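Following this line, the structures themselves.
Look for subunit A in each of the two complexes below; its partner is subunit B in the first and subunit C in the second.
Right, the complex of A and B next:
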C-alpha cells in the first residue's frame, strides 16, 4: 500500500473549524480563553504553520530523539562524570533543573490552552504536539537528575523547587504563571512560543549546551539540545499568529506583549543563565561570555526575526543593551551573598584568573563589581566569613521578584523605581519593570514579593532561620560557597588547619 | 563599562540551520554548500551546536542530505538535530527553506 505524501492531505485534515450546533461559538471559544480580539474566524483560518508535522512523523521523530538522549545517559552513567565534575558545574545543573523541570508542565498547560481554544485550526494542531513536547521536557528533566539524589539533597530540588516559597523559585513562578497559566491562547502564542521559545530558551538550552560539551558533560549537552529541537518546532506557532494580528490592525497590541515578556524573560535569564555562564562554569570551559551569547541569540537572531515579521525594537532597547554589562553581575553578587537562601552552591567565580577574564569580556568590571568582591575577598582572608553572609534584606522588585541591582563601585547607579498604586508603595528594579506593571496593574497588584511577606509578618521568626524555614530549605540543601572559598586563596579548611 | 555597539547586532541577513553537532550537522554543511551554489556559507562550530548560515535565503534539500550522508534521509529527520535556526522557516518533504522576507 502506498503512503500518501503528507502535503497531499495536510491542509484538508487540518480544516477543523466546524460550525457548532449544540452551543454558540462564543461558548465554544470564550474570549477569555481564546483571545480572538474580534478578529473573525476566516482570518484565523489563514494561519499556516511554517514548520509542519503530522502525527505519524511526530511520533517517529520523538521516539528517535528520546532514544538518543536516554542512550547517551545510559552509556555515560557508569563513568560517574558527576563525581569528578567541578562544583561550579554541579551548581549549574542543580539551578537549571530546579528552575525549569517542573515549570515545563506549566508550559504543557499553556500549549493545551492553544490546542483547545485557539481559533486557528493549524495552531490547535501544532499546540497538541507542543503540549506533548513539554510533557517530555518535564519528564526527562526530572528523570535525569534523579540518579543524583543519592549524592546530595540539593538534587532533589529538581522536583521540589517549584513547590516551595524559595525566592528564586517564587520569581520564576511569577514569570511563568504570568506567561503560561494566565493568558489567552493568542497571548500564549506570542509571549510563550514566540518571544520566550524562539528567543530566550536558546540561551539556556543551546548556549549552555556549548559550555556543557566543553565541560565534558555530554549527557547534559545532549539532553538540553535535544529539548531545544522540540522548541524550535513548536515555537513556530507565534509567527503566523503575529502575522494575523498585524494584518488585522493589532500590531500595537502584539508589540506590547512582546515588549513585556522580552523584558521579563531578560530579567529571569539575568539571574539564572547569566551567573551560570559567566561565573559557575569553570573558566576553561566557557565557550563565550553571557553577553556574547546574548548578542548571538537574542540580538543577532531573535531581534532580527522580530524585525522580519514587521515588529519594532522594544521601546527600551538602549536600556536593554546597556544592562547587558550590568544586570547579571549584580544578580550574581546578590545570589552569592544570600547563598543560604538558594538550593544550589553558588560559585563566586572571582579568582584572579577569572577576574582577568571578566575584565576582558566586560571592560571596567574590576573598578565596579570587582571592588565589591575586593571587600568580600579581604573579609574572607581576615577570617571574617560572618561579614560575607546576609543579615539584612535586599530590596526586591515587585515585577521580576528579583533584587534591585545596578552597577557597583565607580559606576554606582543603583536606584529603586517606585510607584504608589491604590495606596500601596511598589518597588521596581528599573523603569521597564515599572512600565510592565503599569500595563496591567490589576494582574500584578495583589502579589507579595518575599520581602513584602517578611515585613508583613508572614515569615516567622523574622530572621534568616525563619526565612529558610519559609523557603523549605533544610540542612544539606542550604547553599554554601561552591569551592569553599578556595578562589579567595584561603579556604575554610585551610584556616581550620592553621 | 564597555561601549554599547552590540545593540546593532541584529543588522544582519544571516539565515540557516543551527544543528546539534554530529553526523547530520557535518552532512548538512556539505548539503548547504551544494544547495546554495555561489553563496558564501558561514559555519560556526560551538562544540554542542553548529551554525550553518548564508545571506537572505538558505536551502537544504533531502537529495543533498542523502548524497552527503550516503544513505536514505527523510526531511523530517532534520528535526532530531535542528536545535534552532535563524530567519523564518518553510518546510516540505523535499527541502527546508530558511529565509528573510526583507533584506536590511
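Right, the complex of A and C next:
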C-alpha cells in the first residue's frame, strides 16, 4: 500500500485546535502562559511555518546528525587535539560550554511553553521539535566537554557555571530568564526564536564553526554545525507569529519585544563572542573580525528579515552599529583584568602582531584601548603582575549585569546612564539598557547585581577571596592569563628559568 | 565617619569601578582613592596635572576640599575623576 506524501496530510493533521468541553478555553490556554492578546483562534490557525517536518522524518534526520557528530568525536578522540591546541582556543571552548550548555535546557523549557500553550497549532507542532532540539543541544554540549574533565577542573564548568553566582553566569541567567522562563508563548516565539536565534545564534555557531575548522578542531566544528542546523529550523517560529500580530494591530507590541531582547542579546554576545573572535582565537585562524561577522550576519541578514516582515529597525540601530567598534573591546579588557573571577583562562590577544591586526580591523584601537594595554604590558615587563590584577569591583549595569564600559585612552567616553527609581539608584551601561528597564520596571527593579550584593553584605568576607567564594570559584578553576604573559614578551615560567 | 561607596569613572580608563571612601574624605582624597584602581594599572600617570572630581550626571566640578558628605552625592553615584591644570 502506498503512503500519502506528507505534503498531502501535514496541514490537516497538525490543525488541532479542538473545542474543549471539560474546561473553558481560558483555562486550557491561560493568557499569562499563552499570550494570545485577544487575537481570535481563527487568526492563530493561519500560522504557516515555512519549514514543515513530520515526527518520523524529524527522528530520522536527528539520528543522522547525532551519528555524524558523535562519530567525528570518536574518530578524533585518540588524536588528543586538545593537548596540543592553543590555550586561547581551550578558553574559547570552556567559555562557550559554560555559558551555553545548561542554558540549552532552559531553552527546552521555553520551547515546551510554546508546544503546550501557543494558540497556533503549527507553532505547537514546531515547538515540540524545538524542545527536542534543545534537549539534544544540552546533552551533546555536556557530553563533549566531559572527556576533558581529567585535564582541568575548568572543563567541569560546562555543567557547573549556570548553577553558581559567578558574575558572567549571573548575567547570562538574567537575560535567559527574561527571555525564556518568564514570558508567554507568543513572547517566547518573538524574543527567543526570532530576535535571539535568528539574530544572534547564527553568529555564535557559524562564526565559531568557521574558526574551529581553521583551528583544526573538527570535533567542535562538527558539533556546533550540527546544532546550527536545528537552530535554523526552529528559529523560524517567530516569523509567522509576528505576521499574525502585525495583521491584528499589534505591531508596536511586537516591535518593542524585538527591540528589548535584541539589545540584551547584543550585550551578552559582546562579552562572550566578541573576545573569542577578536582576542582568543589564534591570529592565524581568524576568518573574520567580530565586527565583520556582526555586519554580515546581523546587520545584513537581520535587517532584511525585519524589512520583509514590515517591521522597523530597532530605534537605537545607529547606536548599535557604533558600538560594534567599542563594547566588546571594553568587555574583553574587563574579563582579562578580572580574570580570577571567570572559569576560563582569558587570552589577552595583544601581542605586537595581534595589535597590528586589531588596528587594521578597528582603526584607532592603539590610541584608545591600546593605551590601557600599554600600561598593563609595561607592568608585566617590570615584574609588577600585582598591578594587573583587580582590587575592587567594576560598576555593573542593572540591566545586562555586565561592567559599565566605554572607549578608553584618547577617545575616552565612558558613561553611566543612571536612574533613580523608587528611591534606589540604578546604573546602566547604555541609554538602551536604561530604556529596557523603563519599559517594565516591575520586572527588573528587585534584581540585585554582584555589586549590589557586595554592598548589602551578602558577599563575605568583603574582598576578592570572599567574591571568589561567593562565585564558587575554587583553586584550579579561577582564570589566569591563557599564555602566561608570553604576548608581553615575558612569562613567569621564563622568568623562573632565567 | 561612615563608609561611602562611589562609582569612579577615571579619565582614560575603560571601565567604571566601585571605590569605597570615608564620607569625611575631601574630593582630593576621593581622587587619590580612585587613582589607586586606575593610574599605573591602565592609565598612565600625568605629572604636573591635578586630579579633580566632578559629578558625572551634570559635569559640576567639586571644590577640592569639599567633603563627600557635603556634596549631595547618593551612595554609589558615579563621579568623574579628570586630569586638570588647576
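Assume the second predicted complex is superposed on the first by the 497 of 498 C-alpha atoms of A that agree within 3 Å, B and C clash if a C-alpha of one lies under 4 Å from a C-alpha of the other, contacts with A are read in each partner's own complex, and residues count from 1 in each chain.
Everything that follows uses one rule, which is that a residue touches a chain if its C-beta (ideal position, glycine included) is under 8 Å from a C-beta of that chain, and two chains touch if they have at least 3 such contacts.
Every value quoted in this text rests on a predicted model; they were computed, and no experiment measured them.
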### Query
Which partner does A:414 contact after superposing on A: first (subunit B), second (subunit C), both, neither?
second
### Task
Using the superposition on chain A described above, determine whether A:300 touches subunit B (first), subunit C (second), both, or neither.
first
### subunit A residues touched - subunit C or subunit B, whichever exceeds
B
### Query
Taking the superposition as given, does A:30 touch the first partner, subunit B, the second, subunit C, both, or neither?
neither
#### Entry: Which of subunit B and subunit C A:232 touches, first, second, both or neither
first
### Query
Which holds for A:324: it touches subunit B only (first), subunit C only (second), both, or neither?
first
### Message
Going by the contact rule set out at the top, does A:249 touch subunit B (first), subunit C (second), both, or neither?
### Response
neither
### Query
Which residues of subunit A are in contact with subunit B in one complex and with subunit C in the other?
407
#### Entry: Complex interface listing, subunit A residues touching subunit B
5-7, 50-53, 57, 60-61, 64-65, 68, 202, 205-206, 209-210, 212-214, 221-222, 225-226, 228-229, 231-233, 236, 239, 287-288, 291, 294-297, 299-301, 303-305, 307-309, 313, 317-318, 320-322, 324-326, 362-365, 368, 407, 411
### Message
Quick check on the complex: what are the subunit A residues that touch subunit C?
### Response
329-330, 333-334, 337, 369, 371-372, 374-376, 379, 387-388, 390-395, 403-409, 412, 414-416, 418, 420, 425, 427, 451, 454-455
#### Entry: In the complex, subunit B residues that touch subunit A
1-2, 4, 6-7, 9-10, 12, 14, 18, 20-21, 46-49, 76-77, 79-93, 100-102, 104
### Task
Give every residue of subunit C touching subunit A within the complex, in rising order.
5, 7, 9, 11-20, 36-37, 40-44, 56-57, 74-78
